[in-house]
Amino acid sequence: MEIEKLKILLEQVKGGEIAVDDALQSLRILPFEDLGFSKIDHHRQLRTGFPEVIFCQGKTVEQVKQISERILAAGHPLLATRATPEMYKAVKEVQPAARYNELGRTITVSRSEEDAGVSGILIVSAGTSDLPVAEEAAETALMMGNQPERLYDVGVAGLHRLISNHEKLLNARVIIVVAGMEGALPSVVGGLVDCPVIAVPTSIGYGASFGGLAALLGMLNSCASGVTVVNIDNGFGAGYSAALINRLSA
Amino acid sequence: MEIEKLKILLEQVKGGEIAVDDALQSLRILPFEDLGFSKIDHHRQLRTGFPEVIFCQGKTVEQVKQISERILAAGHPLLATRATPEMYKAVKEVQPAARYNELGRTITVSRSEEDAGVSGILIVSAGTSDLPVAEEAAETALMMGNQPERLYDVGVAGLHRLISNHEKLLNARVIIVVAGMEGALPSVVGGLVDCPVIAVPTSIGYGASFGGLAALLGMLNSCASGVTVVNIDNGFGAGYSAALINRLSA
Amino acid sequence: MEIEKLKILLEQVKGGEIAVDDALQSLRILPFEDLGFSKIDHHRQLRTGFPEVIFCQGKTVEQVKQISERILAAGHPLLATRATPEMYKAVKEVQPAARYNELGRTITVSRSEEDAGVSGILIVSAGTSDLPVAEEAAETALMMGNQPERLYDVGVAGLHRLISNHEKLLNARVIIVVAGMEGALPSVVGGLVDCPVIAVPTSIGYGASFGGLAALLGMLNSCASGVTVVNIDNGFGAGYSAALINRLSA
Amino acid sequence: MEIEKLKILLEQVKGGEIAVDDALQSLRILPFEDLGFSKIDHHRQLRTGFPEVIFCQGKTVEQVKQISERILAAGHPLLATRATPEMYKAVKEVQPAARYNELGRTITVSRSEEDAGVSGILIVSAGTSDLPVAEEAAETALMMGNQPERLYDVGVAGLHRLISNHEKLLNARVIIVVAGMEGALPSVVGGLVDCPVIAVPTSIGYGASFGGLAALLGMLNSCASGVTVVNIDNGFGAGYSAALINRLSA
Amino acid sequence: MEIEKLKILLEQVKGGEIAVDDALQSLRILPFEDLGFSKIDHHRQLRTGFPEVIFCQGKTVEQVKQISERILAAGHPLLATRATPEMYKAVKEVQPAARYNELGRTITVSRSEEDAGVSGILIVSAGTSDLPVAEEAAETALMMGNQPERLYDVGVAGLHRLISNHEKLLNARVIIVVAGMEGALPSVVGGLVDCPVIAVPTSIGYGASFGGLAALLGMLNSCASGVTVVNIDNGFGAGYSAALINRLSA
Amino acid sequence: MEIEKLKILLEQVKGGEIAVDDALQSLRILPFEDLGFSKIDHHRQLRTGFPEVIFCQGKTVEQVKQISERILAAGHPLLATRATPEMYKAVKEVQPAARYNELGRTITVSRSEEDAGVSGILIVSAGTSDLPVAEEAAETALMMGNQPERLYDVGVAGLHRLISNHEKLLNARVIIVVAGMEGALPSVVGGLVDCPVIAVPTSIGYGASFGGLAALLGMLNSCASGVTVVNIDNGFGAGYSAALINRLSA
Amino acid sequence: MEIEKLKILLEQVKGGEIAVDDALQSLRILPFEDLGFSKIDHHRQLRTGFPEVIFCQGKTVEQVKQISERILAAGHPLLATRATPEMYKAVKEVQPAARYNELGRTITVSRSEEDAGVSGILIVSAGTSDLPVAEEAAETALMMGNQPERLYDVGVAGLHRLISNHEKLLNARVIIVVAGMEGALPSVVGGLVDCPVIAVPTSIGYGASFGGLAALLGMLNSCASGVTVVNIDNGFGAGYSAALINRLSA
Amino acid sequence: MEIEKLKILLEQVKGGEIAVDDALQSLRILPFEDLGFSKIDHHRQLRTGFPEVIFCQGKTVEQVKQISERILAAGHPLLATRATPEMYKAVKEVQPAARYNELGRTITVSRSEEDAGVSGILIVSAGTSDLPVAEEAAETALMMGNQPERLYDVGVAGLHRLISNHEKLLNARVIIVVAGMEGALPSVVGGLVDCPVIAVPTSIGYGASFGGLAALLGMLNSCASGVTVVNIDNGFGAGYSAALINRLSA
């Protein structure tokens, strides 16, 4: 129906009843749900350059394949998180160039193959069990135009491994810290740097870890300033936020 | 001072007063932190330019006064959070230029009076009860060299107030969203913008709000990408992180 | 039947076959529920016109089949929730007209095939993962004589999709809002309409969603007035309550 | 700025450049955040006829007084919840006709003194300690044009008190059930009636009641169909929703 | 009274003044609770012989006084729990014979002064801090016709104190075990005896005691058979249940 | 055996073969448990007449079989709870007279086939899903010499089913009430009777039932006096306690 | 005393005044705890040399004074924890030599004034707000014959302060680590040393610290081996355990 | 290697090849961790003599095999916890001398076959279901040079079994107490001994055990002094800490 109103406005322009500039002005203020909001949304897509994302958990292989087909057919890059090898196999049939990060459980199809990526994001993880979440963050950042650096297996119980890499820490513009169990690493990292730190609690642990709750609470109560937190195991969210932050420094 | 000790040691090596192996042994037990860590810490202070902060909650008026004296005597700027009017009165005796934000419960003494501040930080709050936390964030950002913009009382139950300010949202480089009760505002804001959003749950609410837990969980589970979270009522932490992020765009 | 016993007793009193005091004694020990409660219960069935419901979860295929047979043999309509395809297959053997809503996991057999249904109920859902619960609500409302309208996939992170359908929102007499993760949608919908809103938290999410707890708490703490809440994933309960409410406007 | 566009449009109408009907049409499609949303909001106000509400908890006497003054000056009715006697005294100075419900802790100033109110809402409470919440619900319903009936102190441990009032239960169009401790009353009431039941858990209890959590969980898990739940102690929310529902039957 | 109405009705049937069908109709709408329920309730009062109980917490001194007056005027015995010394003073003005258990915070007025009481109930407590709850249980049992024996301060960390009293344990017919902190005592007692054990968790403790939650969970998970549990600090409930059990052995 | 050692010692004292002080010393280090504790334990076994119990959950079929063999070889009766059909098959090979309660998941071998059992225990359950727990309680009571009566499927949402059986309720000496979801049934039953009520929360429910937590909290907060609670799904514990209580009335 | 009774019995056996079988019977019913348990308890007191402890929280000044008097009159040393200045004043009247640790809230009276104390215990704390708990631990260790070393204010956000004291860490035989907020310090310390670490979570923090729960969970999930945990704020328990451990190395 | 670099530098200083100030500068930027931290870490390995540990849960058989190969190739002893029989089979292929503790789910390869081990550690467990955790603790202690004694199946509901072994309790230098359900055993043991007690809650239990939370809270709130706690099911951590403590007494 709004289309009708639009048509009328254009007829007025055609009949000289309204100046082109005025009509343009009117168009800008037309109910944004038709012209405005989607424009915002469009702008957002354009500016973030971010691909559509498929959260595969709870979806069937067939569903993932179909959604991937639709996204790729539209010429969009693809990021599928929490993807199983079976899902990858199915997507690969659609697009042979699809890449699978086994550790991070992500399927990706880049817009441009030769995208070097921007530096500045450092991904730090505490233990080897935290790697899937760290890699999910890495792939997300990668898909948003970054070339994230990795610093893995530097948990607080072996502090020297972390400290011997303090150059990397100091050079980063934004740091993602992934840790399970007591989730203490973001506090230690946060105390060593002066850039934003995004903490990702993981569900790694047992007993009183309560599925990552211990790490989550630890990170929220961090005594280090400059630390913000995302949901348990939310590597995607951390990578996304880090990319938004790093883009500011471009 | 350790540098002096080190210099003396090297002079002794140079002068043959001490054998290389003995010097080696001494170097191995030299407190390494004096070589490296304190430097890191020093750098950090220099680069962040952030004042020392007093978390007043649980401290006596006398304690706040004394710590303030020490900080000001050292020529540092001052930020005291969760400060009572009595504490302000006491600090004002020490430094008449001290400023009190009654709503945000902060006492501040700036290094430079004429610091215009960098734009880019927008602080959004849901209800009037969330203002103390929002103002704490604002004062923190201010002390770190920013001129934060405020957009208050735009809760999700009256969406039009938020949407009629979407220009402000789109112009921000980093947005702090403060909300209690169900904590839905960061999700809505996060869906409208493409910059980093820092969500601050507040303890505003009653019953099943469980002291801010409902808002905290809501924000951690936000369906909008680009949202990270700080502790309940942690306006300071949000302001600090926002300042770190905004500095990247300078 | 108790009525018959009672009538006989009264006839005996009338005929002098039984003394008043003896009759009195008999009346006092007559199961009172047969005089009052079962009537209430009967009335209730008559007025709600609601079919018996089978909650299939935790039941075997054979059990579901047998209960369905008994219900259908009694001439009642059938609503089975949380039903698997296997259960549907078994019920279909009993009654070929049985219908299966794969998404909503419901098996239904209507009393009357040509029941157009009353309009007025709108079912809104946030994400595609919330559809099973939304469809369970829809089928329940349908079985109670309604023709519910659906407005799916309008989560708060993409507000324009919701707002572009505000006509539907304004035309509804009662709205069911189904959402997982942070559960913010009912607050937004509640702020746009002036009809009762029934919020259904779903267990969709991960990490600090804690099986739907985050959404549940969010909805209970909604800053929008006019929102009431049912149990996590309780599409049936929402559909039932909405039907009771919508019947009032008939 | 939108005002400017509006002015231009009107000028065009004045100059005959655009027909009144077309201008009207244009006005309807002007960005709703300026004309549309507030219109929705306006409609909402008009239709609900609901006064502005002050949630007094956490506000000072002075703040409550000032907000009340502003509301009353605008000619609106007034509902203040969680109000102390001191707050009432202060509001009474502003408006001598203000009424205080000591039990329900509400201050009210009605638009019209002689508003008889619509019947249909029944408020049931379990124990005398639940009365403040029940009365808050009653006053809210009253302010929205209802004449709620009360049925108090009919907890499940003395079932006969409830059952001896089953006529009241059966005559209601919507029932609010207020209960603390185990919160069992809504289940029992829900099993006796076929109208919508709004359950309000209260924080009454001790030990493992955990501030109303026990009652809240009990109500959410009610085995009776047709029961929806609001936040702990949220008498206002229950009264508001009940009023929205009862208006449907008008 | 209803009995009278009923008798009149039957007489009318007998005398032919009213038709059987009309009588039938009248009987169907006779409030059934008047025939059955109130009788049950009445029996219950008679058989338990239990006084009315005032839960003083959250009540004013004046309220406690007034309720006490009403109960005593009706010739009932009185049990007021969680009573302050001020409340006692007020009740003593009404009835000088009122007795105050300072430790158990109970006010009691017995029906008969010379009631020796039945033996069989043993009340065991872990620490001196648990005594208020233990005494509340003792006074409740006393008011229900028992002469409870006490065995206090026999916590599990000093097992010999408990074991040196095993005769008392073996002679009891029902044992109330009151304990805070880890709540281990009921398991130990339950392993030594073959009579029913009622466990009462108390809110004594700090930190991870979480207001008695630790003790409550401990008791619910007791590895000893024959242990049942009441709410945290619910000395009254334990005393009441113990009295019901002990009456069975009379 | 220790008795023999003790006797020899005393004979030696008597015969002057050992000095009094040496005997004293020996007595002090005699394992005290042999003098006292094992006697207590023995007495306990004799008096309760209770069979050894196998909690099968988490055990292998082979383990259950072997433990059963050992118990039966010792001439003891057998009660195995949470037993699978496979376990039953294995036990049946050992003892063909073994009986399996499929619903209650118990395997039993009675000492005496013709044990009529004592009446007095009534087991009430809310829904059909609660039957396994109710039956576990029933079998436990049976093994301890009782003939428990059953009153199943009388949930609070259909109160008339419960009330029409009030004779059964009034005749019981101890009542076990099994309920999931909101766990309201014990409160209702507790309000109708004056005998001890043992409440058993079950894990039946979904969403905010949190594995039986809602029912557990509901029962602990029961507004009816005389209700005690056991662990979630602990039918065995309830049956055991009920048997201990009922034995008191013998 | 029981020993005397026993001796008399044996003398009677020896003198033939009592038959062996009768003596046997007497021995069987002699309270075994008098033979065994109290001895154990006595040994324990002797070996630990630990004073009686008064947990003052929840006690009145008068109660603390009286218990102190009794302990001191018995010639025992005194340790009172969670003591207020008023309590100290009262105890000082009884024993002028009493010492008050204002920070640790302890009152102590030593057995011997000149007890140098054993080295080996190091108490590490994260922030200044954790000092009361750290000092409570220190005083407890002191009273058990230790000379604890303190290393305060070395939280993980300023790692260099901790590391510059690594000599102290390496020299300790047992380390108590006191920390609130995220409770990360024990993990870091545990990774630097090879001696037992006792972690004490404190209730310092706000929001999602949930009264020390965050720190407690963090410490229980420590990725460093050799860390055990005590209750929130339980400085006494940590000091006691550390003293028991340190005594092993004597 | 850094030592070599350092030596060369010093030689250059000595030889005048490099100025003191330049050497100073070089020293300041030498990675401090190479001077200090790695040494600490090295010392730690040497002193603890502890093998590397593989936490097998969540790892594949292949991963466990490969890590084992690497550890064994380096000449280290091996401890793999939470290992399945399949993992053992795979490790056995690498090292035929590998030993599997089926109950404790550990794979071990000792450095020296003939290591008698130090006595002093006693491992106490409550029920047979707690044995896997107890055995994990035992194997860990064994690998650290101890010969732990076991005292199993001595739960608090059968106290005589524990007390008849009090000699073992009194002879221990450190006791590990493993218990599920209510977790009361550490309190009882702690009251009988004067050595450090390490409590290990297990996830054994059901219903309100909440996966070991009940036992954990119980142990943290132990009324016995000298008890510290590790994470739920953390047998490894308890064994490790006990070994560190027992080494102090060597």
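Per-chain numbering from 1; labels A, B, C, D, E, F, G and H assigned in written order.
Note that in this section a residue touches a chain if its C-beta (ideal position, glycine included) is under 8 Å from a C-beta of that chain, and two chains touch if they have at least 3 such contacts.
Going by UniProt, the chains are A, B, C, D, E, F, G, H = phosphoribosylaminoimidazole carboxylase.
For clarity, every value in this text was computed on a predicted model and none was experimentally measured.
Counting hops only between chains that touch, chain C reaches chain F in a minimum of 1.
Each chain gets a centre from the mean of its Cα atoms; the one farthest from the centre of chain D is H.
Of the two chain pairs shown, A-B and E-G, the one joined by more C-beta contacts is A-B. Listed options B-C, F-H or C-E contain a single repeat of the C-F interface, assigned here to F-H, on the basis that more than half of the contact pairs agree by residue number. Chain E has its Cα centroid 55 Å from the Cα centroid of chain B.
Work out the mean CA point of chain C and of chain D, and you get 25 Å between them.
If each chain is reduced to the centroid of its CA atoms, chain A and chain G end up 50 Å from each other. Residue positions of chain F touching 2 or more other chains: 31-33, 36-37, 40, 158-159, 163, 192, 207-209, 213, 216, 220-221, 225, 231-232. Across the complex, chain B is touched by residues 32, 40, 43-44, 47-48, 50, 53, 163, 166, 170, 173-174, 192-196, 198, 216, 220-221, 225-232, 236-238, 240-241, 244-246, 248-249 of chain A. Interface of chain B with chain H (complex): residues 3, 6-7, 10-11, 13-14, 16, 20-21, 23-24, 27-28, 30-33, 35-37, 39. On the side of chain H, the complex with chain F involves touching residues 129, 158-160, 163-164, 204, 206-209. Looking at the complex, you find that chain E touches chain H at residues 126-127, 155-159, 163, 181-184, 187-188, 190-192, 205, 207-210, 213-215, 217-225.
Those residues of chain G whose C-beta lies close enough to touch chain E in the complex are 31-34, 37-38, 40-41, 57-58, 201, 203, 211-213, 216, 231-234.
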